[in-house]
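Shared between the two complexes below is chain A, which pairs with chain B and chain C, respectively.
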Partner chain A sequence: MLRLLSVRLLQAALVMLAVTAIAFVMFRFVGDPVASMVREGATQAEKDALRLALGLDKPILTQFFDFVGQVLTGNLGTSFRYQQPVVNLLLSRLPATLELVIVATFLALAIGIPLGVLCALKPNSFLSRLTQATTLVGISMPTFVTGLLLILVFAVNLRWLPSSGRGDLVDLGLWKTGFLTLSGLKSLILPSITLALFQLTLIMRLVRSEMIDVLSSDYIRFAFARGLPRAYIYGRLALRNALMPVVTVTGLQIGQLVAFAIVTETVFQWPGMGLLFTNAVGYPDVPVLAAYLLFVGFLFVMINMVVDILYTFIDPRLRTR
Partner chain B sequence: MTDKTTPVLDIRKLRVEYPLANGDTLVAVKDIDLLIRPGEIHALVGESGAGKTTVGNALMGLLQAPGKIVAGSIEIAGKPIDLRTGRTEGIVPGRDVGAIFQDPMTSLNPLFTVESQLCEGMLTHLKLSQKQAKARALELMKAVGIPEPERRLGSYPHQLSGGQRQRVVIATALACGPQLIVADEPTTALDVSVQAQILKLIRDLADERGVGVLLVTHNMGVVAEIADRVTIMQNGAVVESGSAREVLTAPKAAYARTLIAAVPPIETRLERLPVPSEETQVTLDARASVRAKSTKSEVGGKDDMVLSVRDLAVEYGARSLIPGRKSSVFRAVKGVSFDVRRGEIFGLVGESGCGKTTVANTIAGLVTQSSGTIDFQGTALGAKREKSVRKSLQMVFQDPYSALNPRLRINAAIAEPILFYKLASNAEEARQDAKTLLEAVGLPADAGSRFSHAFSGGQRQRIAIARALGPRPSLLICDEPTSALDVSVQAQLLNLLKDLRDLAGLSMLFISHDLAVIRQMCDRIAVMKSGEIVELAETETLFTAPKHDYTRELLRLAPSLDRILSRQTAAE
Partner chain C sequence: MATQSLMRRLPPVSVMIAGLVLAIMLVLVVFAPLIAPMDPRDVSSYSLIDMEIPPAFMDGGDPRFLLGTDNQGRDLVSVILFGLRISVVIGLGAVLFAAALGVVLGLIAGFFGGLVDGIVMRIADVLVSFPTILVALLISGIARAQLSAETMLTWAPLVLIFSIAVNEWVQYARTVRASTMVEVARDYVRAAKVIGLPPGRIMGRHILPNVMSSVMVIATINLAGAILTEATLSFLGAGMPPTYPSLGTLIRIGNQFLFSGLWWIAVMPAAVLVILVLAVNVIGDYLRDRFNPKLMAR
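So, the complex of A and B:
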């Protein structure tokens, strides 16, 4: 167990180093940092002074290690656009995105798994045909279309739910949450459904095919031969086996959602990291882009590690290794 | 408890039908009668498709969806079963009928402990408390002879060996005290030594607990070993039924006679195994013409050896990068040496995991050796091989169902290697050659235009052999070529392979776990155990005067028709 963890950590560190290198290249070579930082009409002397102050005259490798050092101490530079430390910017946007992703993932799992089981057990029933058809439509439609349709129906026509923003927030110090107010919760509904739809379909289909596989296995036939109750066989013996790959996919999908909630956040004007990133691309705000890259890389590495460790808890076959 | 005279199973005129999509019905079981008394082991024998498994499934309520019982009656321990719905209403599987499945590696759920899987039936059917169930689980584990039963209750299936898992499966079957156990091929997936133990366990359980056992199997040796009575089925109908001795020694029905005759004997070597239909002159001519072509393209020297293997070692897994740490290397083959002479069939025999398949794969170039040399007709074989070497070395795999590409027509599949090695100047010539090869393996010439799914297992294996013969190999590696097949089909294929050696001059490396098959086929034999050859001898010497203890053990444990029957006769 410890060995697995240490190997995993080492691998994670190597991946992060590679990501940092890419971020560094971006930071250093995409445009001239000095040119983007000085005020217009600065003299050559001023530019040289800044170049020296930023350490851009040092050898590349030294610069890279300085950069790694800065990243490790949490200093990701200053945004060109907002003239604030990038870390502060990311942290102020993180709660919005995370809350959206958590709700979306919860929806996807809570609806996707039961529907997947249903479609596997009763493939010809009306409800499973309906589910299959609806999710196919859902997965085929681009996210922004879904989002706009939802806004049109529930915000514009029915006026039940807000169409943009996070509503009223409660400040918990570092974290501003929308979970604690009615308007905050109402604002979450449409964007989280929009974001969840694709993942829901994916999980539903995955659970369905895994479940069909597991149901044809010998140990499930053997469970029937022992006369165990159906609900017990399906809900416990079969489902636990069928959920193994769902853990991996959900993990990867959480990473995807955080990293690429951009479209949803844009449609709903959701003040999360995706929106920050879109704005940074237009500017171009290179330190924010580099920091975002680092953050997403870090997130994927962490999630993968957590999934691997979770696996050893779920599957006894991996524990004895 | 019922008294000793009430049969545990009484089936009368049972008929199971499967409605087909085109409106016809397939009669899977035709009006069969079956009677099992307490403590009796009744073997239900037949080849694949005979309907023997369907009978077992019908009893346990496991009939696949469209199939249903249309007529007949079933009584379990004197209790009539309601069959009006086509299902076995009133039988509670697990409580009234215990089940033992074929493959212990897959019949236990990998994510739950042995205790949980043993107890769940008792909690459901007997309404025991968790504590009572656990106590009984422990008793059962002791009864089926699992060492350290207490600790093993907390184990997961993957932590047990195959034999232990099958013991756990048997314990679960016994858990709720059923009168009847349906054992469907309970030892087919096991090695002979484990098979012997499991068969003894089943016999003991029948004797001590008075449980009736319906033993579904295709293995006559197993039947001879433990069955009291035998019913032979063909195409869903009973062909012959009676006491095991009578049926096995003096079968009356013609089909029963052929079936029993097709079982390769372990005691004597036959020139050919008796099969119903012998090969036609066309087939024999085709076999000879396969040879004519191969001698033309024969490469290599004139010396006696086709293959010389010296100190071959194969390791799987990686050494640890950190020095001093235990490496996770598994030594599958530990220094094996043998020769295959030209025109010889050389046998490699051993239990699963002994490394025999790894040796075959290494010679075929599917695995790279860690050390040692393989000399093939004067060329040293390593990871990189000349095309001419690969051409002369062909392989036939165990499972004919997965060995053929389902999207290729048979002609194309056979012609592919012929064209690849440029043995035909154009596609038409290759197709002609494919036709000859199909004739040589005894398939009709029009077979080539069809896809592999149109053929039975035995026919597919013939196709696989034809494909391997295409490049005119000088050495054919056969890895368990008949273990997935029925006995009568096996007999035909073994005859075919012998003919190919005699008529087409092939040398063969023949791998099997079945000693009887090995005896029929091979000229010399190497017995392997945990990656090493423990004994290498001429076939007759090995079987009549085995030197190594392990060989003697294998020979003693192999179930055999004649020996057991003669032993029984002697005892009387």
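So, the complex of A and C:
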């Protein structure tokens, strides 16, 4: 067990080192950091001074180790565009993204699970057929088109909901939340539905196929034979087991969620980390790109590691390998 | 009986419709310059007098412009045809590049095993844990910082193809590697080794034909994804420039006019994109179920 843990930790550290190396190469070699940072029409002397101040004259390995040290202490450089520390930028945008992602995941689970169960229990009902057909269209519909259509209908034509931004925010010190004002909540509706839709289709399909599998198993048939109430069999016995893989998949889908959040935030001009990232791509603001890569890489490595370790706790067979 | 067995061999109606739609789109794409009423790149062929005309079926529509015109007076049918062309070419290019890379690396990893296999598959593991769009955006940002704006214009399609394929080859490599490992243990491969054929020849002429069918299925399924990724990147402003717009770029441009009530500039190319992807998805699903039940879980 301990050996497995340490091997897994070592792997995670190696991947993180590789990601850091890529981020460093981006920082150092993509574009000219000096040219992007000096004011327009700067003299050669000013440029040289900046080059020295940034430590760009040192040997490359020294620079890399300096970089790793900086990253470990939470210094991810200065944005070319905003002239602010990238860490502060990322942290100030984090609440917006988290609130969006949490609401979207909640919506996807709250709608996707019941629909999946319905499609498994009553595959021939009108609602199931409609749901099945809609999911195929849903998968083929890119996130940004969904967002665009929602804006067109609910913001431009009906004028019910705002199409961009977060509305009024309440400052809780470290965290600016949109949950506590009416305009904040209204602003959340369209982006969170857009982001929820792609997860929803996935969860629905998964719950449906798991439910069908579980329902044909012996213990369910035995429960029916015992004459237990249907609601108890479906709700307590079948659904609980069908939900196990859903939990895992939802966890592993966080990567996809990050990617789709980038698109959703751009469509709705939602001031989160995703929008910061797309703007950085167009600018191009290399320190922000590199820092975002580091952040996302760290997130993914952590999630994968936690999932792997959890598996070994849940499934004893994996411990002996 | 005869008709029944024939019916069984025919794909379901939805697949045939999708095939028809796709065939029509491909004809339109190939012959776009002949079919399109005007050339959107030829400034003399359109004029500002015709700008912002709604689709022909609406009030104020003009029969000359079936889907209406954009803010510069360009016929949307023509603009979309040329946009569709660029989207399809980049989608196909990305799939071909990813398939070629994945097949070669998968063959090598499966054939030689050991350290080579370990290195290739670990790189694949790390890559695949990052979403394609994220990787593609990063590469686009790097390309933008490295190349000048003019170079970016000419290189944009290649940068796009590369940045989409860089993540997508993993799926091919994994499948081909697994099949190759099975084939390597078979008698015909061992016989080929015994008579001293070089590894390249064994992989290319003997193993490859036997793993090709699954590659074709994955390629069809991935085509829809590749077209979507390209559209998303272009929509985000990290893809094709407005001078050579793909469907995604057209939607991005149309997005600016959404609030002026000129919805058709964005919605028409979006509709074409969704129909294209839907058709490819329906066919891809069918092929997957029909030829390779093992690929069911993606």
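Rule of thumb we're sticking to: the second predicted complex is superposed on the first by the 275 of 321 C-alpha atoms of A that agree within 3 Å, B and C clash if a C-alpha of one lies under 4 Å from a C-alpha of the other, contacts with A are read in each partner's own complex, and residues count from 1 in each chain.
Heads up, the rule we're going with is that contacts are C-beta pairs under 8 Å (C-beta built on N, C-alpha and C of every residue); 3 or more make two chains touch, one makes a residue touch a chain.
All values derive from a computational prediction rather than experimental measurement.
**Student:** Going by the contact rule set out at the top, does A:Leu4 touch chain B (first), chain C (second), both, or neither?
**Tutor:** neither
**Student:** So in the superposed three-chain picture, is A:Val247 touching just chain B, just chain C, both, or none of them (first/second/both/neither)?
**Tutor:** So A:Val247 meets neither chain B nor chain C here.
**Student:** For A:Arg226 in the superposed arrangement: first (chain B), second (chain C), both or neither?
**Tutor:** first
**Student:** Quick one: classify A:Val263 as touching chain B (first), chain C (second), both or neither.
**Tutor:** Once the two structures are laid over each other on A, A:Val263 reaches chain C alone.
**Student:** Looking only at contacts as defined up top, I'd like to know whether chain B or chain C touches more of chain A.
**Tutor:** Comparing touch counts on chain A for chain B and chain C gives C.
**Student:** Should A:Leu293 be classified as contacting the first partner (chain B), the second (chain C), both, or neither?
**Tutor:** second
**Student:** Under the definition above, what is the set of chain A residues touching chain B in their complex?
**Tutor:** 217-229, 232, 237, 240-241, 314-317, 320
**Student:** Within their complex, state which residues of chain A touch chain C.
**Tutor:** These residues of chain A touch chain C: 15, 18, 26, 30-31, 136-137, 139-145, 148-149, 151-152, 156, 163, 255-256, 258-260, 262-263, 266, 277-278, 280-282, 284, 286, 289, 293, 296-297, 300, 304.
**Student:** Which of the residues in chain B end up touching chain A in this complex?
**Tutor:** My answer: residues 60-62, 92-95, 99, 101, 103, 106-112, 120-121, 124-125, 156, 158-159, 169, 172, 175.
**Student:** Spell out the residues on chain C that touch chain A in their complex, using ranges where they run on.
**Tutor:** Those in contact with chain A are residues 126, 129-134, 137-138, 140-142, 144-146, 224, 228, 231-232, 235-238, 251, 255, 258-259, 261, 263, 266-267, 270, 273-274, 277-278, 281-282, 285.
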